Amino acid sequence: MTKKIRFAIIGAGRIGYVHAGSVSENPSAELVYVVDPFKESADKVISAFGGKYSSDPEAVINSGEVDAVIIGSPTPTHVPLLTTAIKAGVHALCEKPIDLDIKNVDALRATANSAKTNVTIGFNQRQDPHFKEVKSRVAKGEVGQVEQVVITSRDPGPAPQAYIAISGGIFRDMTIHDFDLARYFVPNIVEVSATGTNSFCDYIKEENDFDNICVVLKGANNEIVTILNSRHSAYGYDQRLEVFGDKGMLTVGNLKNTVVEYSSKDVSSAAEPLMNFFLERYAAAYRNELALFIQGISEGKVLGSTFDDGRAALILADAAHESARTGKSVKVNLN
Amino acid sequence: MTKKIRFAIIGAGRIGYVHAGSVSENPSAELVYVVDPFKESADKVISAFGGKYSSDPEAVINSGEVDAVIIGSPTPTHVPLLTTAIKAGVHALCEKPIDLDIKNVDALRATANSAKTNVTIGFNQRQDPHFKEVKSRVAKGEVGQVEQVVITSRDPGPAPQAYIAISGGIFRDMTIHDFDLARYFVPNIVEVSATGTNSFCDYIKEENDFDNICVVLKGANNEIVTILNSRHSAYGYDQRLEVFGDKGMLTVGNLKNTVVEYSSKDVSSAAEPLMNFFLERYAAAYRNELALFIQGISEGKVLGSTFDDGRAALILADAAHESARTGKSVKVNLN
Amino acid sequence: MTKKIRFAIIGAGRIGYVHAGSVSENPSAELVYVVDPFKESADKVISAFGGKYSSDPEAVINSGEVDAVIIGSPTPTHVPLLTTAIKAGVHALCEKPIDLDIKNVDALRATANSAKTNVTIGFNQRQDPHFKEVKSRVAKGEVGQVEQVVITSRDPGPAPQAYIAISGGIFRDMTIHDFDLARYFVPNIVEVSATGTNSFCDYIKEENDFDNICVVLKGANNEIVTILNSRHSAYGYDQRLEVFGDKGMLTVGNLKNTVVEYSSKDVSSAAEPLMNFFLERYAAAYRNELALFIQGISEGKVLGSTFDDGRAALILADAAHESARTGKSVKVNLN
Amino acid sequence: MTKKIRFAIIGAGRIGYVHAGSVSENPSAELVYVVDPFKESADKVISAFGGKYSSDPEAVINSGEVDAVIIGSPTPTHVPLLTTAIKAGVHALCEKPIDLDIKNVDALRATANSAKTNVTIGFNQRQDPHFKEVKSRVAKGEVGQVEQVVITSRDPGPAPQAYIAISGGIFRDMTIHDFDLARYFVPNIVEVSATGTNSFCDYIKEENDFDNICVVLKGANNEIVTILNSRHSAYGYDQRLEVFGDKGMLTVGNLKNTVVEYSSKDVSSAAEPLMNFFLERYAAAYRNELALFIQGISEGKVLGSTFDDGRAALILADAAHESARTGKSVKVNLN
C-alpha cells in the first residue's frame, strides 16, 4: 500500500476547515497538523478531523513531519510560506491570491516555477464538475470556436468592512476567481476593461472599493469575456457560466439543494433559493482540487492551477483595478 | 376572389364568442348570424364581431343565408341541429359531446357519415400547435414505438352545481377532451379502467359525480394511456402531455403568459401562474380548428375530428363512467 | 467516544457494495464481515472497504462479532436471516421485498414487531433528499390537502430473463418501491387497480410478466395515487414525483450529473441524459438510510421503513398483480 | 363609430410588410397607400393587405389622403420624411435609427419635439409583453433598487456586406435596440464603454465593423448595464434580459415556437431551437407598437419611444463606436 501523504493545514478558518475535511476523507492523505495563531479555531478543525496543533507554520513546514501544506492563512503570509515550503521540499496548495502585490509574486516566480515540489494555486472552480463538463464539451468542438464567455458571480452578502479594508479590492479579492475561470476557456487575455459602481454598501465605498462591477476581457483570438460581480444577491450565491461559439452555446446554471419545484396561486415551477455560498456550491470542486493536488504530487507535475495561473489572475485584477479608475482599457501581457 | 363562407354561430356563450372571433378574423369566412334564445348574449357577440340576430336556429339553418354553422348551444340540441344542418346541406362544426346518450349518437351515425356536407366535431386540442408538434415528431419516429401516454388536465375551478347536474358526469363532460387527445396518439383503444374520488367539492358529490379521477386506457398495440383530471387547480389551468416510446419521450408542459422568471430570498427561477383557462390556453387551437374546418369544406372532407371521433370519445367516457362505479375494467369496441 | 456498531454485509452484489461503502464512510459504523457464497464477489467489497470474508451468514449473525447486519442476499433468504438476526439480538436492515409470499411475511410479523432489535426494511427512497423535502413541505401545508400523487419510475433497461423469472413479477420486484413511496404520502391505501402490457420485451412476456404498467391506488381520504413504470427508458433512469393538493403542487424532476445545458442548430437548453440507475440517483438516499438505521439503533426505534411498511408494500403488490390479471380493482386492508 | 386612421406604409421591405399586417388587423386603422420605389415589393404587401401603390412618399404624405405614415424606408430618408410629415400634419411612426449622424437628428429635434402630430420612434422591444412584464414588476419593487441589467442579443446570422457597408456599424444598427431597452430600465446613462472583436466574418472586418461586441453602460444611479451582441447565433435569435436589484432578479429567457421537450439517449428535456428572427420573436411587440401609436394619436401624446429616446440611443451608439476604437470610456449627456 502506498504511504499516505502527510498534510498540514495552515489557517483554520472556513477554507481550512473545508480542506481539512477533504484531507480526512481522501484515502491517500493524512492530516498531521492544524496550524493557526488562534488555538480555538484550530481545535474546531482538530476535533472534527484530527491532527496536532501548532501555532508556528514555519516550524511545522520544517519539522520533517509533513509532506504537503495547504496554505489558507491570510494573504500576506502566502509568499513567505510558499518560499519556506519550496525550500523545505514540502508540496504546497496555496489559496488565492498569491499576494496583493505583483512585485512580490514576480519575485517568487522563478523559484516557484523551478521548484522540485508541487506548487498549486487554489482556484477550485476549474475543478467544479459542471465547469469541467463544459470545458470537456468545448474541447470536443460542441460550440465550435469560442467567441464569448459570460461569467456571473454574485456573493450572497458583502464581507465585513474589516475584511474589505485589507482585501485588495473587489477585483483582487472576488473577481480573481472569475479571472482564472475566464482563462480556463480563454487562456491568453490581452486587454482588460472594467467598470465599477457603489450601489448599496456605504462601508465598501468608504474603503474606496466597488460593490458591483463588470469586467470585459479581450482574448488573443478575438474572444470577449464578460464578468459580472455583485457583493450581494438576495436569492443566494449566483454562479453561472455561458460559453458561446460559432456552433452553439453551453451554459451552467445555478445549483439548488433539491430539484423540488412548487406551483401555487402565486407562482409556477418555482425552485428553492440557491445554495448559500461557496462551501456548499463548490464542495465537490474542493474535494476534486485536493485529489488533483495529490495526483499531481505522485505524477510530479501541477495538474491544477499553476503559480503562473495565479500570477495571471493577479495581473488581470490589477489591470481591472486600474481600468475601473481611469476609464481606459489596459493592455496586459500574461507571459 | 373566392366567395366567403357564410357562418351562423349557434349559441352565444363563451365558446360561441371565441368561434365568432375566429370567424371574423378568418379572411375566408363571414359572420352572418348569431343565434341564441337570449338576445343579450347574442348582442355581445354581434357588437364585437358583427352579424344578425336570431333566436331560431332551425330557421337560420334553413334560411339559405348561411353555408356553415358552428353549434355551441347546449348538448341536447346538438343531434337535432346536426340533423337539420345535414338535411339543409349546411356544413357543421359541432362542439363536444355530440350527445350524452350513445344511442342518440348511433342513431345519427349513418346520416352523419354519409353527409355531403362537412360534419366536424369540436375537439380543438388536436389543433393545438404544441400537441400537433408532438404528433408530427412521433410520426417521424423520435420516440420510436409509443408505449405510454400521460395526459394531465386540471381545471382552475369547478363548474357551478347547475352545470354539473346536467353535464353527464366528469368523464363525459371534462375527460372527453382527453379521450380524444388520447386517440390522437393511440387511436384504437380496447379497454378502459377508471377511478374517481370526491376530494373537495360537496356539490359535485351531491350530484353523484367525482371531482378527481384517473383513467387508464389500453391500446390495441399494448399502449397504456393514463389520464389525470381534477376539477380544480390552485396554480391555474394545468394541461400537460407526455408521450413515451422505446426511443425517447416528448412532453408538452404548461404555458404562461410570459416567460419571465423571478428569484428572491424565497424562490428561484419562479414562473408566473399558468394561463387561467381554455380560452387563453387553446386560443391558437380554436383558430386552427376553424381554419381546418374551412379548408375541409373546400377540400370536401373532414380534416379535424370526425363524427366517429366524437362517438369514440363518448364510448370511452361511458366505459370510464361504468368502470369507476363497478371497479371493473370495461372492454370497448370503437369501430 | 461511542463504541462503533459492528456490521456484517450479507450479499455482496451491487446493493451490498453500496451499503458497504456507506458503512465504511459512517463514523459510527465498522465493517466487520462481508458474507457471500461467492468469495470473488465478497473480495471486491472487502478490497474496497475492508472486513473479513465468510460464506455462512447464520454463523456470522451468531458469532457475537457483529451488532448489525445488512441483508442484501436473494429474497428467499430474507425471512430466515431476519429470524436468525432477531433471535440473536442483532439489528437488521433488510432489502425489499421481505418475501414474495405474504404468508411468510405474516408468519414473521409478530416476531418482527416485538423484536428488541431494530428491524428496518430498505426502502431507501423515503430517505432521498428530494422526496424528503416534498414530504416536509407537504407537512407544512404548502399543497393543502393531498388529492393526487403521481409517481413515474422507469428503469434504463430490463433485468435479464433469469432475474425476471424469479422476481415475483414487476409489481413485487419494481413497483414495490413506488408502493412504499406512495405510502410515504398516502399511508392508508384501500383499493388497488392495475393495468399491465407487453410492449417491447419478449422474454418478459414468456415469463408471464409485464414490461409496462400503470397502477392506480385509492387512499382512505379519497386520494388517488398513480404509478407509471416501464422496464426500459431510452433517456436513462426516469424518477419523478408529483404531489397535488388543493393549495398547490410540489414536483421532483429528474437528476443529471451536471446542470450543463446545450443549444445548437438542433436543440436549445438541452440537458444531458439522466443519471443511469439507482446507485447514482439514490446515492444520498442509501447513505441517509444507513445513518437513520444507526440513529434508530441508538434511539431504540425504527426511523426508516418498518416491517409493517414492507408488508404493506407486498400487499399492494399482490393486489396489483391480481388486478392486472382480472381487470378488477382489489380492496386491501393494510392493518 | 370612430373614423379609421388612414395609413401609408413607406418602404415595403420586411418591416413594412409586418407593419402593413398590423395596420390591416387593427380595427382603428386602414391601409391606404404602400410606397416603395420598387413596385414589385409594394405589390406583395398590397396583395396581402390591400392599399394603393405609389413610388412617391412626399406626394403621398401631402396628398391629404393619409392621417399617418409608418416610415420603414432606408435610414437616410428618415429625417426628410419626418420633416415632411410634421409639416403636413401627418402622424409618423419612424423606424430606428432616426439618422446615422447625430447632427441631422439634432437639427430636427426642436421641430420634432414641438410637432402637433405624433412622432414615435419604432423601438418595438419596449412593447414586448415579456419585457413589459419585467418593467411592471420592477415598478412594483420586486427586485428593489436596480443595480445591474444584462441584455443578450444575438442575430441568427449576419446581414449581407452591402447592408453592413451602409449600416453605420453594429452599434448604430444592431445595438441601438439594446440601448433603448437599456434605457427602458435605466433611462439616464452617463458613461459608455465598449469592446468589439472580429471573430468570424471577414466581410464585416473589411467594412471596419465588429461581429461580436460587449457594451457596458453606467447609469446616473450607479447602475451597470451590460449588452452582449453577436452577428450570428447557431441556435437562433437569442434575446434575453436580466434585471438584478437588491431584492431579487427578474429574467426573460428565449421563446420557442412550442414548449415541446425531448429526451432520448443523447439529451434530456431538450427544447427546439429558438424562434428564427425578430419578425417571429417580436410579432406581438410590433402589434402593440402600432396599437400604442394609434392610442397616442387619439390621446395627443407619444406613448411609445419618443424622438428624444431615438436621439439618446444614437448618442449611446456613437459613444460605443468611439469607445470600442479608442479603448476609453466615453461620458455622455442624454439631455
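The letters A, B, C and D name the chains in turn, as written, and every chain counts its residues from 1.
Just so it is clear, contacts are C-beta pairs under 8 Å (C-beta built on N, C-alpha and C of every residue); 3 or more make two chains touch, one makes a residue touch a chain.
In UniProt terms the chains read A, B, C, D = Unannotated protein.
None of the values given here were measured: they were computed from a predicted structure.
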Graph distance between subunit A (Unannotated protein) and subunit C (Unannotated protein), where chains that touch are linked:
1
Does A-B or A-D have the larger number of C-beta pairs in contact?
A-D
Taking each chain's centre as the mean of its CA atoms, the one lying farthest from the centre of subunit D (Unannotated protein) is chain C
Centroid spacing, where centroids are CA-atom means, of subunit A (Unannotated protein) and subunit D (Unannotated protein) in whole angstrom:
41
How many Å are there between the centre of subunit A (Unannotated protein) and the centre of subunit B (Unannotated protein), using C-alpha atoms for each centre?
58
Mind pulling the residue numbers of subunit C (Unannotated protein) that touch at least two other chains?
234-235, 247-249, 254, 262-265, 269, 272
Complex contact set, residues of subunit C (Unannotated protein) against subunit A (Unannotated protein)
129-130, 133-134, 137, 142, 247-255, 257-265, 269, 272
Residues of subunit D (Unannotated protein) that touch subunit A (Unannotated protein) when the two form their complex
144-145, 147-148, 150, 152, 154, 191, 193, 195, 197-200, 212-214, 216, 218, 222-224, 226, 228, 230, 232-235, 238, 244-249, 327-329
The answer for subunit D (Unannotated protein) against subunit C (Unannotated protein) in the complex is residues 234-236, 254, 256, 262-274
